[in-house]
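Each structure below is given as structure tokens.
The following pair of complexes shares a single chain, subunit A, combined with subunit B in the former and subunit C in the latter.
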Partner chain A sequence: MLTYILRRVAATIPVMGLVALFVFSLLYIAPGDPAAIIAGDQATTQQIAHIRATLGLDKPFVIRFADWLWQVLHGNLGTSIFTNLPVLKMIEQRAPTTISLMVITLVMSIAIAVPMGVLAAWKAGTWVDRLIMVMAVMGFSVPVFVVGYLLAYTFALKLPWFPVQGYEPLSHGVWPWLRSLILPSLTLGGIYIALIARITRATMLEVLSQDYIRTARAKGVGRRAILYVHALKNAAVPIVTIIGIGFAALIGGAVVTESVFALPGVGRLTVDAILQRDYPVIQGVVLIFSFVYVLVNLVVDLLYTLFDPRIRY
Partner chain B sequence: MSISLGGVPAAAELPDVLPPRSERGRAMRFVLRYPTIVAGGSLLAIMVFIAIFAPWLGTRNPESISPIHRLLNPGAGHWFGTDMLGRDVYSRVLYGSRVSLGVGFSVAILASAIGMTIGVVSGFVRWLDMVLMRIMDGLMAIPGILLAIALMALTRGSVYNVVIAITIPQVPTVARLVRGVVLSLREQPFVEAAVASGTRLPKIMYKHIVPNTMAPLTVQATYICASAMVIEAILSFIGAGTPPTIPSWGNIMAEGRALWQIKPYIVFFPAVFLSITVLAVNLLGDGLRDALDPRLAKRL
Partner chain C sequence: MWLKRRTFLGASAATTAATLAAPAVAQAASVLKFIPQSDVTVLDPLWTTAYVTRNHAFLVFDTLYGMDANFNPAPQMVEGHVVENGGRQWTLKLRPGLKWHDGEKVLARDCVASIRRWGARDAFGGTLMHVADEIVAVDDNTIRFRLKRPFPLLPAALGKVPSNMCPMMPERLAKTDPFKQVTEMVGSGPFRWNAKERVVGSIAVYEKFQGYEPRGGVASGTAGPKVAHYDRVEWHIIPDAATKTAALQSGEVDWWENPPSDNAMVLKADKNLVTRIIDPTGLIGSMRLNQLVPPFDNPAVRRVVLDAVYQKDYAVAIGGTDPAMWHVPVGVFPPGTPYASDLGLKRFTEKKDFAQFKPRLEKAGYKGEKVVLLLPTDIEVLKAEGEVSADMFRRMGFNVQVDASDWGTVVERRASMKPIGQGGWSVFSTFWAGLDQLSPAWHVFLRGQGKAGGQPGWPSSPKIEALRQEWLAAPDEKAQKALAVKLQEQAFVDVPYIPLGQVFWETSYKKSITGVLGPIPIFWNVRPA
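== the complex of A and B ==
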């Protein structure tokens, strides 16, 4: 078991290395000469050449990549072209908003989607099942920002239950914090709920046709116990897997959701950086988000043994 | 007419037993058997019709500015109202379908073609497999929308660049799917037989391997088409997509954003069109999956 964990953790290192290589290449091929930008409009060619040499921009690709990677491993993601702040600091400042948004979305989506999927499987073939599956296809199809505007229009503008935009940090109290994040989380959760509900239904259908479920039913186990104790536990692995894979959609969706609801998070930072072509920030954000994504899927892999003791490594 | 042979009556002629199937009956059966294909397909056909015939559907120039008529509510003259520059939202939405459908189809075709090539090659050439699959792993580790955004930040906004930026993150899924199918096909007796009878590798690939990847690939391509349309809209919406001069659904919504609290219809109409189109493609994909891969359909 321990060797498996170590091996699995080690396997993420080459993946992260590749991600780093891709992300570095992005900056490498980015248009515009950083030395010329730093030197300003009045600089002479010699001055630009000097800055290029001091920054090491004249070195070959491999050496620059190694240098950059060394810096990244020491927590230095470079400096923003526009604010002159360290990129890591900028991300740190905005991380609490994004983490809050994602955690609430995650908890809410699982709490809504799993019972939905279980119900659909239990009532397979009936109108309840159809209705849930239609809702799931809709969740797939309606883009994040459309859901966002629809929710904001209904529950913030027409019915003043929630704030239209903005974020309240947790330090202002739990309720204001939660209140500012309910609509964004519902928005962001749309695709995620659809994904999880579909997989839950599919795996539950498979599990419910197993012999041990029939046995349990025959010996008089209640419906609730069959569904949540016998069946759901055995359906856990695919559900957890899709939660990990779907996390990518959550990251992409956060970029949009934070724009719609004006939340000062990392997603909003990404959009601003793109509009300003602030390449070091773009690079840093992509790197951090990918790192989180790989990490989430690592955790999912390790959770398998917890949910299904039959899986041994 | 029936003939008897030695007292044993022969079977009635076939037409007496089974009436020939009528054309209409066949069409009805298809609708009943694959309702999602029919529903998704017809909706998509309507959208394609709108995209092709946009100039003749009562539209005016989607670019023409008319400040006097700005921010008119939907009504007789302007069915979907006008935006802050007085442009007709109805015309812009109809012309916008060209961008969305064009991007969706192009990405689906490009990603399938590239992914298929990579998948077939890595399924057959063992030493390349290692390299290619590790590159795919790396690409897959970057969330798709984020990668597309980062790629768009490198280039000028143009429809062509949008297609490339959306295609690249989609390639690994196709490559992995095709590789999986190829690996299982390689072990099939008919491929072994082809190898044994001395068929050369390229011929095996296009005669035996590629046709068998088509069913799962078609289903995957429809899903890619749907997500490409959503990503195009997202890119345009955050200002990193199709240039603002071209009316695309994402662009119209991005422009309507500032005013959505007082003039929600500017965002509303393109949103409805986008959602319906994506829904149509997803329904088509679900239907195709059920029809082409009954085993998978049972599971999902």
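== the complex of A and C ==
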């Protein structure tokens, strides 16, 4: 198992290298000039050219890529063109918000979606099943920002229970931290809940029709034990897979949610950097996101062994 | 504008006395929460002309002169000045008690280095540097300018509010290459930058500088006493307009710099808020025609376009249907400001018969060349402006190609001098603060230096340049006004750009605060109501 983990971690290196090359190339050929954005609307072309040269943006692709890669290999993601701050520091400043948002969303989504899916499968064909599936379709269909605005309007503006915007760090207390993340997590969790609930239902329906479930029922095993001990454990592999795949959707959704609720997270950092063409920040963030995504997939693969002892690495 | 020695020294003596008499204002941990137009990603006001950076700079950095609400320069860091040798020598005396945020005393040599750095980046500053034979620190408190010729606009240059303002910083920072960003924020303004609490894209924090000694008098624009009534000013960066509206309505923030017109309507209906115009010069739309490539290399074609512009179309598209939120017609200077003139403006309000433009274009020499219009889609006002222009060009009979992209791409592409077939462009429009067009001294659109000017479009007009030089040397306001009229007249002949109308923006704040000045967001003088 340890060898497998080490092999998988080592395999991330070429993946990251390819991601780095791809992102760098994409930004190189994409239109837009950070020097022109920095200089402002009133700057002359000479001033823009001067800034471009100062920032080294006039150097050839190979030299710029080599410079950046060399820095990355030394653990330095570079410096923001605009703020002059180290990219790593900017990500460090933003990471707690995004991690908090994702963790709460993940926990909340699994806690809501899995029982919903199980219940829908158990009550398949009844109004309970249909209601749950309608809710799941709505979760998919209503855009994240619409959910965000509706929640903020209702529970922050009309009923002032939660803040409209902003993030309170955990160091300010558990309740203020949680309070600032409840609406964003509900917003972000909508699609995720829908996705997990549907997969859980589908997988559970398949498992519940298996012979061993019928046997368990015949032996008089209780409903709860059948669902959560016998069936759910065997349905877990596809559910865990979809949780892993959905993580990418979560990253994408975080960008919108962080913008709607003005959360200073990595998602917003990415959007701001893209709009400004802050190349080092974009490259740094994409690299980190890729690494996290690869790690999540590794964790998912390892979880398979927990739910299905037949799987061995 | 000629400033008399005794007037200034007299005024400065009075203001010093008033400063001494001014009560110290201190309130316990009071915080003013503000939503700026965007994040202040660049901190150095000379590294960019972005308005948000300029607004940030006025908190942190003081200026030698301020600009009052009537756009006149007034002493700020200087106690007064003496003009000698027929206007060729200016001696500026710093007022006592000025300190940098690191506790060091403000010295004349710091200011000299700051002026030099500013002069390397700002167009008006460059003009001053060109005229100056020598700028020296005579002693710790005295700055002397020795000039090639009289330059009565010296206080106006050092006190200008439009970007780039002239920020004073310690010599060690002011000696930074003007094309490299200064990121250590040490100024001598009424607020100090709190770098520790800064989170890019989220919050910027300014703390009251206890060592600041405001001058006396009445606060007006960036002139007069800069009394900080709040211990902290927090800039909260909120990207979404609906969230900003909700944050202001729920009381989570105190002040939103520039709500878009849709949101401003909602905020105006809120009895707990004040929503009003603080900048009478507003924003002025401007269309740039690329004079390096056909068809707009032909002045006759440009003049036909000038005649086809119906400013109200632009004003309504951007400012909405409420006429209080826009003004037409607009010439090359903002309406209601000292140099504004009605000369030639009738064309902008006459209803257009577009059928007449096609033969006029042909007569002017238009041969059906492709006109590439750069249309930014991510900034709502610029998108609306571009769409109105595209419609106008089509109706005139131009062969129009609209290239839509984000603003970042437009900014890059408009710098291209290449022909149309190689990625070049023909026309783009933008909106600038009226303040930027207040004076021929810093009116970047009203230039005709061609390629040397470095402004996209590269307008060439030796006559405009000559008139500008005359204006800079004009002995009094009467002569300046007469030359400003001539500048407008010439601008409608050479067409370096086309004004598209004036739109006003509003600011919105809680009724629990008062003392909000203009024409830009100013944080001194603001206090609990």
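Definition applied: the second predicted complex is superposed on the first by the 259 of 313 C-alpha atoms of A that agree within 3 Å, B and C clash if a C-alpha of one lies under 4 Å from a C-alpha of the other, contacts with A are read in each partner's own complex, and residues count from 1 in each chain.
Heads up, the rule we're going with is that a contact is a pair of C-beta atoms (placed from the backbone, for glycine too) under 8 Å apart; a residue touches a chain by one contact, two chains touch by 3 or more.
If you're wondering where the values come from, they're calculated on a predicted model, not measured in any experiment.
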item	value
First, second, both or neither for A:L69, with subunit B first and subunit C second	neither
Contacts of A:S259 with subunit B and subunit C, given as first, second, both or neither	both
Touching partner for A:T44 - first (subunit B), second (subunit C), both, neither	second
Touched partner set for A:L269, first subunit B, second subunit C, both or neither	second
Which superposed partner A:V294 touches (first subunit B, second subunit C, both, neither)	first
Contacts of A:P163 with subunit B and subunit C, given as first, second, both or neither	second
Touching partner for A:V15 - first (subunit B), second (subunit C), both, neither	first
Which of subunit B and subunit C A:M90 touches, first, second, both or neither	second
Partner chain(s) touched by A:I182 [first = subunit B, second = subunit C, both, neither]	neither
Overlap of subunit C and subunit B interfaces on subunit A (superposed complexes)	31, 149, 153, 157, 164, 259, 271, 275, 277
Subunit B - residues contacting subunit A, complex	134-135, 137-139, 141-147, 149-154, 226, 230, 233-234, 237-240, 253, 260-261, 264, 267, 271, 274-275, 278-279, 282-283, 286, 299-300
Residues of subunit A defined as touching subunit C within the complex	31-33, 36-48, 50-51, 54, 80, 82-85, 90, 93-94, 149, 152-153, 156-157, 160, 163-167, 259-262, 264, 268-269, 271-272, 275-277
Contact set on subunit A toward subunit B in their complex	14-16, 18-19, 21-23, 26, 29-31, 137-138, 140-146, 149-150, 153, 157, 164, 198, 202, 205-206, 247-249, 251-253, 255-256, 259, 270-271, 273-275, 277, 279, 282-283, 285-286, 289-290, 293-294
Touch list for subunit C against partner subunit A, complex	39, 41-43, 47-50, 53, 121, 163, 177, 179-181, 183, 199-203, 236-240, 242-243, 246-247, 249-250, 252, 378, 405-406, 408-409, 411-413, 415, 430, 432, 436, 444, 453-456
